[in-house]
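My questions all concern the structure below.
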Amino acid sequence: MRRTSSTRARVSSPIDERFAHLLARYGEIRSATEALCVDLSAEDCALQSMPDASPVKWHLAHTSWFFETFVLEQGLDGYRHFDPSFRFLYNSYYVGIGERHARPERGLISRPALDDVHAYRRHVDKSIARWSRTTNPTERDLETFELGLHHEQQHQELILTDLKHLLSRNPLGPAYAPAPESSGTEPGPLRWIAFPAGVREIGHGADGFSFDNERPRHRVYVNPFQLASRLVTNREYLAFIDDGGYERPRLWLSDGWDARASQQWTAPLYWQRAGGRWRVFTLHGIRELDPDEPVCHVSYYEADAYARWAGARLATEPEWETAAAGLPVAGNLVESKRFHPATGGSGDGLQQMYGDVWEWTNSAYLGYPGYRPAGGAVGEYNGKFMVNQMVLRGGSCATPRSHIRATYRNFFYPWARWQFMGIRLAQDA
Amino acid sequence: MRRTSSTRARVSSPIDERFAHLLARYGEIRSATEALCVDLSAEDCALQSMPDASPVKWHLAHTSWFFETFVLEQGLDGYRHFDPSFRFLYNSYYVGIGERHARPERGLISRPALDDVHAYRRHVDKSIARWSRTTNPTERDLETFELGLHHEQQHQELILTDLKHLLSRNPLGPAYAPAPESSGTEPGPLRWIAFPAGVREIGHGADGFSFDNERPRHRVYVNPFQLASRLVTNREYLAFIDDGGYERPRLWLSDGWDARASQQWTAPLYWQRAGGRWRVFTLHGIRELDPDEPVCHVSYYEADAYARWAGARLATEPEWETAAAGLPVAGNLVESKRFHPATGGSGDGLQQMYGDVWEWTNSAYLGYPGYRPAGGAVGEYNGKFMVNQMVLRGGSCATPRSHIRATYRNFFYPWARWQFMGIRLAQDA
Amino acid sequence: MRRTSSTRARVSSPIDERFAHLLARYGEIRSATEALCVDLSAEDCALQSMPDASPVKWHLAHTSWFFETFVLEQGLDGYRHFDPSFRFLYNSYYVGIGERHARPERGLISRPALDDVHAYRRHVDKSIARWSRTTNPTERDLETFELGLHHEQQHQELILTDLKHLLSRNPLGPAYAPAPESSGTEPGPLRWIAFPAGVREIGHGADGFSFDNERPRHRVYVNPFQLASRLVTNREYLAFIDDGGYERPRLWLSDGWDARASQQWTAPLYWQRAGGRWRVFTLHGIRELDPDEPVCHVSYYEADAYARWAGARLATEPEWETAAAGLPVAGNLVESKRFHPATGGSGDGLQQMYGDVWEWTNSAYLGYPGYRPAGGAVGEYNGKFMVNQMVLRGGSCATPRSHIRATYRNFFYPWARWQFMGIRLAQDA
Amino acid sequence: MRRTSSTRARVSSPIDERFAHLLARYGEIRSATEALCVDLSAEDCALQSMPDASPVKWHLAHTSWFFETFVLEQGLDGYRHFDPSFRFLYNSYYVGIGERHARPERGLISRPALDDVHAYRRHVDKSIARWSRTTNPTERDLETFELGLHHEQQHQELILTDLKHLLSRNPLGPAYAPAPESSGTEPGPLRWIAFPAGVREIGHGADGFSFDNERPRHRVYVNPFQLASRLVTNREYLAFIDDGGYERPRLWLSDGWDARASQQWTAPLYWQRAGGRWRVFTLHGIRELDPDEPVCHVSYYEADAYARWAGARLATEPEWETAAAGLPVAGNLVESKRFHPATGGSGDGLQQMYGDVWEWTNSAYLGYPGYRPAGGAVGEYNGKFMVNQMVLRGGSCATPRSHIRATYRNFFYPWARWQFMGIRLAQDA
């Protein structure tokens, strides 16, 4: 059932205020996406460097497809598609919507051109504006619209990580952005912060946006534990490498040891050894490795092996979340425009919980007790990936500040390395 | 430090009694292994049908290797190896012991012959007898010895499942054993048994044998849930198939959907459709599918999809274990010599919790809070597999009765199907 | 030793005249390459659709690299590279020159941009002009320079065939160029032209350019044979399909039958069946299949199977070459700007020997008796590919007229289909 | 139409004499096959070490299947199959006969047991005897029967080479047979034997048995050439290795260089380097490399690279055959029971042309002018493999003397190494 209201004279209501707020956010987020790409050529945006990564152009289109498919098709009377073939071309994995273009082939599309995709974005933006003036949104409408905003923010992060992977495959080592001037503060000594045992609640409660996989808020029993005050640094990780970390099978999970061998890992992704020195590819090009930075671009297998070598372990989801519960969302997030983890972590209490690098947890990505995926095709958003992946927490230097929170559950296969992924240690009390 | 006691005059002590008990068990378990193979030819025992499965001959040798390596090498003065090359040839995955023969190449070994492997078993048996007369065992010695017993029981199950896979690849469909005469009882209607919420303890406590992965006993918070009174039957699973279960992506996890496609799954392993009827390969050869038997040889992906289709889910480990906690270990286990799941499940309360089929849980195989692997090379037994696998509970028709218990955690990759694996449903209260 | 002649006062000599001619050709051929790309976007030119195909941008650069490496580096004093990294980036397979960028990764290069590659071409053109004014070329210099011209013409053909493959992978089916207006003439009935037995000479003699693989001219004994007067048409090939050609193993070479199965071939490349009609992707987009056109984009395996079905065979190299020896080089070559095979073949004598489609022969690509590869790194041009490939003759609708001749030996793996490849039948007399 | 003659009173005729001769040969050849296997266990005979190789048991059965399918089914009234399932199980690749068991799965068959296969052989032998007493064979019948004899001889060679591969994969390095006592004679210096140009005839003429691929005898023009007087030795090949032969791409065909890399070749198959010395696995177990023996177990790629390094090339088929035309069939063939190439090659004229190792030629395996495959399913014997393979000539130490001749064309993929394959050099005159 489509709702129309060609002439409206609404009084301000909570739902109106929230709608107005979301519409403002829409403008900001859509602009932020494009701002990330402003210095990229059409060629930069068209290429795909591996099946897991998508071309930037695809991200620009798919985020628009999301609003078109879940908001405009349902909610805007007489909506005219910019191009009917995009329904197929820019569907990521929603089988409820229909057939879609194969993911590994996203890099075979030279047409539509980047300019056409920008025109598509304009078309969707104008249509959203028209929809906003004519709709009388229900709570569910607002939820879907808000989901689109957070969805686009997720793709902002992927634009940066996928592009980084692409540029890294270019032997010329090109830069996305100039390097920042300041380099952060000294990392202090690693301290252990203790937390007591007990029944706790985790997961997202009633108010504010969350993805369905953060719900419902539920009880867990947490055994006593300690969390490291800061992230593991490159200097610490180098000690692991120099101690034969990549050659000692007893430090590794069996699957990790095999992945290491078949992928020929001897260091984190983007590290290069030349002339006895470690260099690292970053979004600012290739430069010397800074030993004080948080180690980044490690797989779960490497994070786990490092933790075992260090006599510790990774935190579980409930541990991380209960520890983070009261902390402000602040840190080296995408707004810092560093696009790289920063040195730091020397203050009191837990440091670097948000930003810099996603922190691998020792928890498999599964549904919470009582988990129910959202209805309709958006129900495919999270639930169908709940196997074989591990949860990461806390966001990274590519995550928008308004996108992250204590209950946020990111998830990747344990061999993934191309996101900004790092390590925080934990141990039993 | 080796302990010797050429002349002994011991008074009976608890440790002596336990040792005497374990030695008696040793004889029984070693004989039981060989009894499983008594009708098999050398050819039956030499072949390997896939990298995940091993030749029967390898199992016969490897279980002996375990006692040789972890008991005799350490504990028997002047122990002479039957053949020094076996140290390499029959090591499964213990990197702490040294290099080993590649698993996928176990089927390339025509020599040593089966007769030589039987002679190896005799050599180890005699050496264990000699060791038993000369050792003054510590608690740790008994633990390792007992681990060897349970290890051999695990391989008894694998002998049956690996052999079943091999025979299934033979287009002639040969039988391992004649079919049993009786076919069990009618499965009754599926009922839901409710369990309340609360803090519970799971895992193995102080007394009796357990694997390290069952420890430590620890607290968990369990939300209210219900468990199906019996296993899912072939009849019920056929309704899922007939309802398009294998063609509806919305019922599947994404990885499961892809596995289904790449493996071309349209039914459980060993099912064959011909002339509009379903037939099934069993250890008794090929026969008609019995709709009342528990469904078997399904992957986690299929179990999960079936549960979703049925409007339910799989149980978690804490749910299964707290439900099973008070039940006697009884059911269609290997001692029934059926070598196949039996019809049944009609009584009051929870039925078929032990035996018939391993029950896939919705829990990833991870270490419990406070988990510590055993010391030395036996520490590789369980811990290094704690990623990418799902836990199964309850044992199967190929499991020895003395091997299974409520806290027992079996684990396989979610795509595995060649074990006797089935489905019990759960749901939120 | 570099030769310099800052002040020159040369009298006209045969070598001078030839040099002047080649310099004129240089200008024409370089322009022709760019004319092929004039309507392509930077995105069109950057993508790579399979390891066998290269991005158009790569072709534009590599052909310039060839002149830079083999002419300018050796012959122009003080030559300054446009970008030293291009020596690595645009080397195709000349190990004598040094390391090179991996072929399957040519599609990962967004920078240098297409504009930069065009600037590179200008730089090389200017340097060639400077070289032409300052060099006093030896015979060997002219040979290498001329080789560069023919090399660039080969890549003109690859630009069209690689781009065609890329555009075909785009579900939108975009066109490279508008379709031609006229459609050619009717194909007449297939007639057999007889040739007598005897000792013949094939291969390239002394005068004029040839690749090293066409030399030396040598004697062969040719048994009596007959050649079809024209190419096999789509109509004829459809009869093969309709007669179960792709389902009858006895018609196929064993390797071909396996390739057919693993590649799921049921028709030539670029054919699509929808609604009971065959459509075909062309450089003009997707359109109805014209039954009168020569069949195109078939592998050697398909050509061989078709010939067997038709009760005939493919010609050998000596047969094709002795038959073609006296014919003028004329036909539907790239200058017709059709970019697709044309209907025709109805006249007297052998028709369609040049142009339209490369004709698979039944000869493996091997060195002629007395074959010697050229000296230096250009010796890698042809010789190292002399195994596992089959020879094709006669050029195609993508071949420049000045590039093809009776002795020309093209070669591809028997499974290749993305070139304009077709079928002419032969039979024993 | 079956022919029967329950009562016969035949006068002796040429066809009768030939039949009698063939029946005697049948007995000898069948016994020779079994003699090769007499010391092998059922386990030795059941295993398959790679898709290209088959279990010995399979060879024993398949050679019987050939007589059953092509002789007994057609020619013996009331023939009763030993087991109807064998028609499927032991068909190698004859699609004209029907479906067949997949080649890579021949090692999954523990039942029928080796004893059953021997009983199958007895059944076929008795049936052939019965057929011989009741048939009135046509010329075509005798041809097919004789083809079965040569077919079985081919599999005698494969029994040895496939078994060698299997035993080589066993880390214990078991022996098939004890080593011979004498080691042959010294290889003399390599001399060049010159042959003049001219029109020659090659291929098999009218009399005596040949495979269809040796026919028809036809004219070729042979350019002047020289052939090495003997095979290349291990000493000579070691000089190639020590000169960096496996690390210099300019010596290799491009496909060969890639195969070398992906297969990690650094020496011939079965060579092992330990402690600065080369050892080699043979059918007598592992021993020191004898530098005077002919080099063996090299691919075409290695043979070609060696020849290029040595400033020579491999011979073509016409060259080899015209050179061999007048020579007696003598050498280190299977009857010597060495099962390994022998040192030698020091006499006058061409040495070692027969036996020791198959000699790679520079000719692709294609049909001769006028080639016609035999009719019926046996027409699949040779013709369908005429692509992608290279021809080898002269037989090896595993070839029966009565099986080889000057016109014999063996063929393998250029990467194959597990046959007894070696190198003879040639050069232009």
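Which chain is which? They are A, B, C and D, in the order written, and residues in each are numbered from 1.
What we mean here is this: a residue touches a chain if its C-beta (ideal position, glycine included) is under 8 Å from a C-beta of that chain, and two chains touch if they have at least 3 such contacts.
Since the model is a prediction, treat every value here as computed from it, not as a measurement.
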Just to be sure I understand the contacts, which chains border both chain B and chain A? none
Going only through chains that touch each other, what is the minimum step count from chain A to chain D? 2
Tell me which chain's centre, taken as the mean of its C-alpha atoms, is farthest from chain D. A
Over half of the residue-numbered contact pairs in common: that is the test. Which of A-C, B-D or C-D passes it against A-B? C-D
Chain centres from averaged Cα atoms put chain B and chain C apart, in whole Å, by 60
What whole-Å value do you get for the distance between chain B and chain D if each is reduced to the mean of its CA atoms? 47
Cα centre of chain C to Cα centre of chain D, whole Å, reads 39
For chain D, what residues touch not just one other chain but two or more? none
Determine which chains touch and list them pairwise. A-B, A-C, B-D, C-D
Within the complex, which stretch of chain D touches chain C? 93, 95-96, 197, 199, 218-221, 223, 249-250, 252-257, 300-301, 304, 316, 362-364, 366-367, 369-370, 380, 384-388, 390, 414, 428
Along chain A, where are the residues that touch chain C in the complex? 41-44, 46-47, 49, 85, 88-89, 101, 105, 107-114, 166-167, 169-172, 174
